[in-house]
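The two complexes that follow have chain A in common; it is paired with chain B in the first and with chain C in the second.
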Partner chain A sequence: MIKDAIGKIALYVASSLSVMTLVIIIGFVFVKGLPGINFDFLTRQWQDKTTFVNVTLQNTEDTDLSDSYIPSIRAYVEHSEESFTIIKLKDGSSLEKAKNLKNETYEVKKKDMITKIDSTNVKDMSMEEFSEQMNSVASQGITRLKVTRPGGGIQPMLISTLYIILLSLAIAAPVGILSALYLTEYAKKGKILGVIQFAIQMLAGIPSIIYGLFGMLVFVQLLKMQYSILAGALTLSILLLPTIISTTSESLKAIPKGYRESSLGLGATKLQTNFRVVLPNALPGILVAIILSIGRIVGESAALIWTAGTIAQVPSALTGNTASAATLTTKLYQLLKEEGDVASACSIAVVIIVLIWILNLLSKWITKRFTVKE
Partner chain B sequence: MMVKHLLKNTEALESINMKTTKIREKIIETVFFLCALISVISVVAIIAFVFSKGLKPFFGDHAYNFLDFITGVRWDPENNQYGVFYMIAGSVFATAGAIIIGVPIGLLTAVFIAEVAPKSLVKIIKPAIELLAGIPSVIYGAFGMGIIIPVIEKISPQPQGQSLLAVICVLTIMILPTIITLSESSLRAVPKSYREASLGLGASKMQTIFRTVIPAAKSGILSATVLGIGRAIGETMAVMMIAGNAIGGIPTSIWDKVRPLTVNISMEMGYASGTHQEMLFATGVVLFVFIMFVNITVIRITHKTVEKD
Partner chain C sequence: MTNNVKFQVHDLDLYYGDFQALKKINMEILKNQITAFIGPSGCGKSTFLKTINRMNDLVEGVRIDGQIHMDGIDIYKDIDVINLRSRVGMVFQQPNPFPMSIYDNVAYGPRIHGIKKKSQLDEIVEKSLRQAAIWDEVKDKLKKNAQAVSGGQQQRICIARTLAVEPEVILMDEPTSALDPISTLKIEDLAEELKDKYTIIIVTHNMQQASRISDKTAFFLHGEVVEYGETSQIFNNPKEQKTEDYITGRFG
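Moving on to the complex of A and B:
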C-alpha cells in the first residue's frame, strides 16, 4: 500500500515537474517577448537605413491649425530626440515623389525621420524653427533631405528563412524521396542496403555543429561559396536527409502490397506503378516529412552560423559577398550572445514558437485527415 | 505473305519497345540508387573532411603531441596549448548529470501519460511536449540566460552563474521531450495481456506498472536514454551561452565553469585559422568519436528489438 502511494506520488511529481518546466519556458519567452511584437517588428528592416532624397517643395498657402503641419511638404511631423518624424502625409505630398541620388523614386513614408535639410542639421531645432527652415528653402524648389527609415524589424530574417527553407527542400526533398523509393521498392536485402541504412542512421546521429564544420570547410572554403544561403542550404539538405528518408519510407511501407500487385497485374511497368500508384498514396507521409523538415530548418542554428553567416539582410545572390543571411534562429542566437539583448531575442523566439506550433498542428492534421479513411 | 511480313514487323517493333522500356526502367532505377547513395557519400565525406583536417596537426614537422592534446587540461591557442581533456570531462559530467535527472523524470512522466492520466489531460500534455521537442535549442539557451543563470548566481558560492549546474539544468530540460515521447510509445507498445495477467494475479496498478510494464518496455526506454545522451553531448548553442567557457581545469564542483567539446568548436570557429582552426576540427573528431559510440549503441539496441519481434 505504502509502496503504491509512493509510486503514485512519484508519477504525479515527475509529470508536474515536466509540465511546469514547459509552462515556465513558454511563459518566460512570451512575457519577455510579446511586448516587443507589433506590426512594425514584423515588417521593418533590421537596420536603420539612411537615404538622401531630393524633394520638390511646394510654395503653397495651404494652412492647417495644427502646429505640427509643414505646408511645404504637406506633412505632419513630430519632434523626436534628434530628428523630426513624419507622422502623417497629406495627399499629393511631394515627399511621395522624392528621388534618391541615383534619380530613382524613393517614396518617403510615415515614420521616416528627417535628420538634415540641405546641410543644416535639424537636431537642435524647435518645431517652429524646423517649420521656418522648411518654408525658407521652399523657394529654391528642389531641396535635399537626409531621411532615416527606422529599423528594428525582422522582415529580412523572415525572408531569408523562407529562402533557406525553399532552397534546402528543393535539394533534399527529391533526393530523400527517391532514396526512400529505392530503399523500399527496389533494393534487395543485402550488403548495399545495410550500408545505406547504416549511413542514414549515422547521419541522423551526427550533431549539427559537425555539419556546420563540414559545411564551412567544404562549401564555404573549398568551393568558395563564402558565407551564403547556398552553402547553408546545402549543409542543411544533408542534415535533413535522414528525416525525409525515414518518414517517407514509413509511409511507403504502409501502402498495402495489393495496390502494387494490381497495378503490375494491369500491365503497368514498375516505374509507372511507383509514380502513379505508390507515390500518390504516400503523399500524406511525404507532406509530413516536409513539414518536419521545415521545423528543423527553422530551429537550426549551429549548422547555419558557420555556413550562412549572421548578417541581417535579404540575400541578393546564391553565393558570394551579398549572399550571407541570418535566419530567425541564427539572429536570435547572435542577439543573445553578442548583444545580450534578451527582450528582442524573446520577441523573435515568440515568432519561432508560433511557427513551430503551426507546423506541428499542420502535420497532425494531415496525418489525421488521411489515416481516418482506411 | 504481306500479312506475315507485317506481323513480323510489329513483333520486332514490340520487342524494340519492350527493350527501350526496360532500358528506361533500368536507367531510372540507377538514378534512384544514386540518390540513395548520396547519404553514404555524405557520411563518408563528413568523416573524411573532418578527420583529415582534424588529424593534420598531429603529423608532420611541427606535430603537436597527440597525448598532450587528449590529456591536456588547458586550452590557450595564443601560447600554442591545446588540451581537451577537461572539455571531455565537462561534456561527460554535463551529459551524465542530465541523464541522471532527466531519465527518471521523463520516464515517470511517460508512465503518467501512457498509463495513469485521463484522456482529456493527455490531450493537453502531449501536444505541449511535442511543442517542447520542436523548440530550437537557442531558445533553451535564452531561457537559461534569462532565468537559470540569475538564480544560480544568487545561490552559488562563486561569483558567476555560468556553471556546470546551469548546463545540466538546460540539458535536462532539452532531453526531456525525447525521453518522454520515445518511452511513452514503447510503454504503449507493451501488449495489454501483460497488464491483464499481472492485474489478474492480484497485483495493484502501481505494481503492474513498475514490475511488469516498465521492464517489458526496457529496450525502448534504453534507446530513448541513449538518444538522449547523443542529444546532450551534441548540443551546442544552448550550452554555449551558459557554460562559462573555462579556459582550463577539470570541473570539481557543480558551480565551476565548464567548456564542453561542442562549445569549444563553436566559440572560436569564427576567427580561428591555421593550427588553431585545425585543432578545432580535432575537437570535432573527439566529439565525433563519442557520437559514433552512441550511434552504434542505438543501432544495436534497435536491431535487437527488431530481431526479437
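Moving on to the complex of A and C:
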C-alpha cells in the first residue's frame, strides 16, 4: 500500500514538474516578449537608417488650423525627443518625391524623423521654431533634410529566414527525396546499403555545431563564399538530408507492393512506376518531412552563426559581403550574447514559437488529411 | 492445331535461392481458352503464373531454367520485358486500384505507353470499362477515387485497367478470393465473355470455380504438374490418385 502511494506521488511530482517547467518557460518568454510585438516590430528594419534627402519645398498659402501642420512639406509632425516625427502626409506632399544624394527617389514616409534642416539641428527647437524654420527655407526651393527612419523591427530577419528556408529546401528536398528513392527502390540489399543506412542514422545524431564548423571551413573559407545565405543554406541542407531521407524512405516503404506490381504488370518501366505511382503516393510523408525541415531551419542557430553570419540585413546576393544575414534564431542568440537585450530576444522568441507552432499544426493536419481518407 | 497454341512451356525449373519452387514444367496453353491452375497453397501455381509475364523477375534470388515460348518466341530471351507485360496483362488477388480516379486508373496503361490525346483516352477508358462490365455502374463517377467503390467493382476496374493496354493474354491470380459470392459470379461471367478475344489463365483455390469456367485445368503439387487436361476429364475422371484426392477434398 505504502509503496503504491509513494509510486503515485512520484508520478504526480514528476509530471507536474515537467508541465510546470514548460509553462514557466513559455510564460516567461511570452510575458517578457509579447509587449514588444506590434506591427512596427514585424515590419521595420532592425537598425535606424539615416538618409540625407533633397526636397523641393512648396511655397503655398495652404494653411491648417492645426499647430502640427507644416505647409511647405504638406505634413503633420510631432515633436519627439531629438527630432520631429512625421505623423501624417497630405496628398501631393513633396516628401514623397524626395531624392537622396545619389539623386534616386527616396520616399519619406510616415514615422520617419527629421533631425536636421540643411545644417541646422532641430534638436532644441520648439514646434513654432521648427515650423518657422521650414517656412523660411521654403523660398529657396530645394532644401536638404536629414531624415532618420526608425529601426527596431525584425523584418530583415523574417525575410532572411524565408530566403534560407527556400534555399535550403531547394537543395535538400530534391537530393533527399531522390536519395531515398534510390535507397528504397533501386539499391541492392547488402553490405553497402547497410553502411549507407548506418551512416545516415549517424549523421542524424551529429550536433549541429559540427555541421556549422564544417560549413565554415568548407563553404565559407575554402569555397570563399564568405558569411552568406548560400553557405548557410548549404550547411543546413546537409543537416536536413538525414531527416528527409529517412522520413521519405519510411513513407516509400509503406506503399503497398501491389501498386508497384500492377504498374509493372501493365508494362510500365521501373522509372515510370516510381514517378507516377510510388512518389505521388509518398507525397504526404514527403510533405511532413519538408515541414519538419522548415521547423528545424527556423530553430537552428549553431549551424548558421558561423556560416550565414549575424548581420540584420536583407541579403541582396547569394554569396559575398551583401549576402550575410541573420535568421530570427541567430539574431536572438546574438542579442543575448552580445547586447544582453532580453526583451527584444523574448519578442523574437515569441515569433519563433508561434511559427513552429503553426508548422506543427500544419504537419498534423496533412497527416490527418491524407491518412484518414475513406 | 499448333496454330492454337499460345504458350509452350518446356522443362521449366524455378528456384528461389536454394529452394526449387517449380520442377520440370511442360505444358501447352491454348488460345482463346480459359486455363485454370489448381492445387494447395505453396504448390507453385501462382509462381508459375508469374513466370508467364516475368513478374518473378522482381523477386530477389530467382533463377529460371527452361523455356516459355509465346507464339513461338522465347519470352526470356527474344522479347523485351516491357513489351511482354503489355501483351500479357495481370489481375491480382487483392483488388489494387491506384489511389486515383477511376478514369486515371484505366488510362494509366495507355498513358505510360504514350497516348496523350484526351479523345483517344476517353474512348479507351469507356471501351475497357464496358468490356469489364462495369461501365454502367461507374460512368457517372469516373472522377471519383477508385478506392471508394466496392471490392468487386474495384476488381473489375482493375480488369478494365488491364484491358486498356489491349493485351493478348490475361493472367488472373485468384481474382475472386477477396470478393463476395455475387461479385465472384460477375467476374466469372466476365472471364467467360472475355475468352473470345483473349487467352485467360486463372489461378484459383476454388475448385467449383475452375470447373465452372475453365476449358482446361492443371493440378499442381509440390512444384510439379501432376495432371493437365480437359476440365471435365480432370474433375470427373482424374487419371492420377493425387488429383482425385485433392478434388474430393481429402487434402489441401
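The definition used in the following text is that the second predicted complex is superposed on the first by the 373 of 374 C-alpha atoms of A that agree within 3 Å, B and C clash if a C-alpha of one lies under 4 Å from a C-alpha of the other, contacts with A are read in each partner's own complex, and residues count from 1 in each chain.
Methods note: a contact is a pair of C-beta atoms (placed from the backbone, for glycine too) under 8 Å apart; a residue touches a chain by one contact, two chains touch by 3 or more.
Bear in mind that the values here come from a model prediction, so they are computed numbers and not experimental data.
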* Will chain C clash with chain B on chain A after the two structures are superposed, or do they fit? -> fit
* Does chain B (first) or chain C (second) touch A:Tyr259, or do both, or does neither? -> second
* chain B versus chain C as contact partner of A:Ala349, first or second or both or neither -> first
* In the superposed arrangement, does A:Asn281 touch chain B (first), chain C (second), both or neither? -> second
* Asked: If you stack the two complexes on chain A, which partner ends up touching A:Ile2: first (chain B), second (chain C), both, or neither?
  -> neither
* When both complexes are superposed, which of chain B and chain C contacts more residues belonging to chain A? -> B
* Asked: So, A:Thr269: does it touch chain B (first), chain C (second), both, or neither?
  -> both
* Rounded to the nearest Å, state the minimum C-alpha distance from chain B to chain C in the superposed three-chain model. => 6
* To do: Indicate the residue numbers of chain A shared between its chain B interface and its chain C interface, in ascending order.
  => 269
* To do: Under the touch definition given earlier, write down the residues of chain A that touch chain B in their complex.
  => 3-4, 7-8, 10-15, 17-19, 21-22, 24-26, 28-29, 32, 174-176, 178-179, 181-183, 186-187, 195-196, 198-203, 205-214, 216-218, 238, 241-242, 245, 269-271, 295, 298-302, 305-306, 329, 332-333, 336-337, 342, 345-346, 349, 352-353, 356-357, 359-360, 364
* Asked: Across the complex, what residues on chain A touch chain C?
  -> 189, 256, 258-269, 272, 276-277, 281, 373-374
* In the complex with chain A, residue positions of chain B that touch it -> 21, 24-25, 28-29, 31-33, 35-40, 42-46, 49-50, 53, 104-109, 111-113, 116-117, 125, 127-132, 134-143, 145-147, 173, 176, 180, 204-207, 209-210, 230, 233-237, 240-241, 262, 265-266, 269-270, 280-281, 284, 287-288, 291-292, 294-295, 298-299
* To do: Report the residues of chain C in contact with chain A in the complex, numbered from low to high.
  => 53, 55, 58, 60, 82-83, 85-86, 89-90, 92, 94, 96, 98-99, 108-109, 112-113, 145, 147-148, 158, 161-162, 165
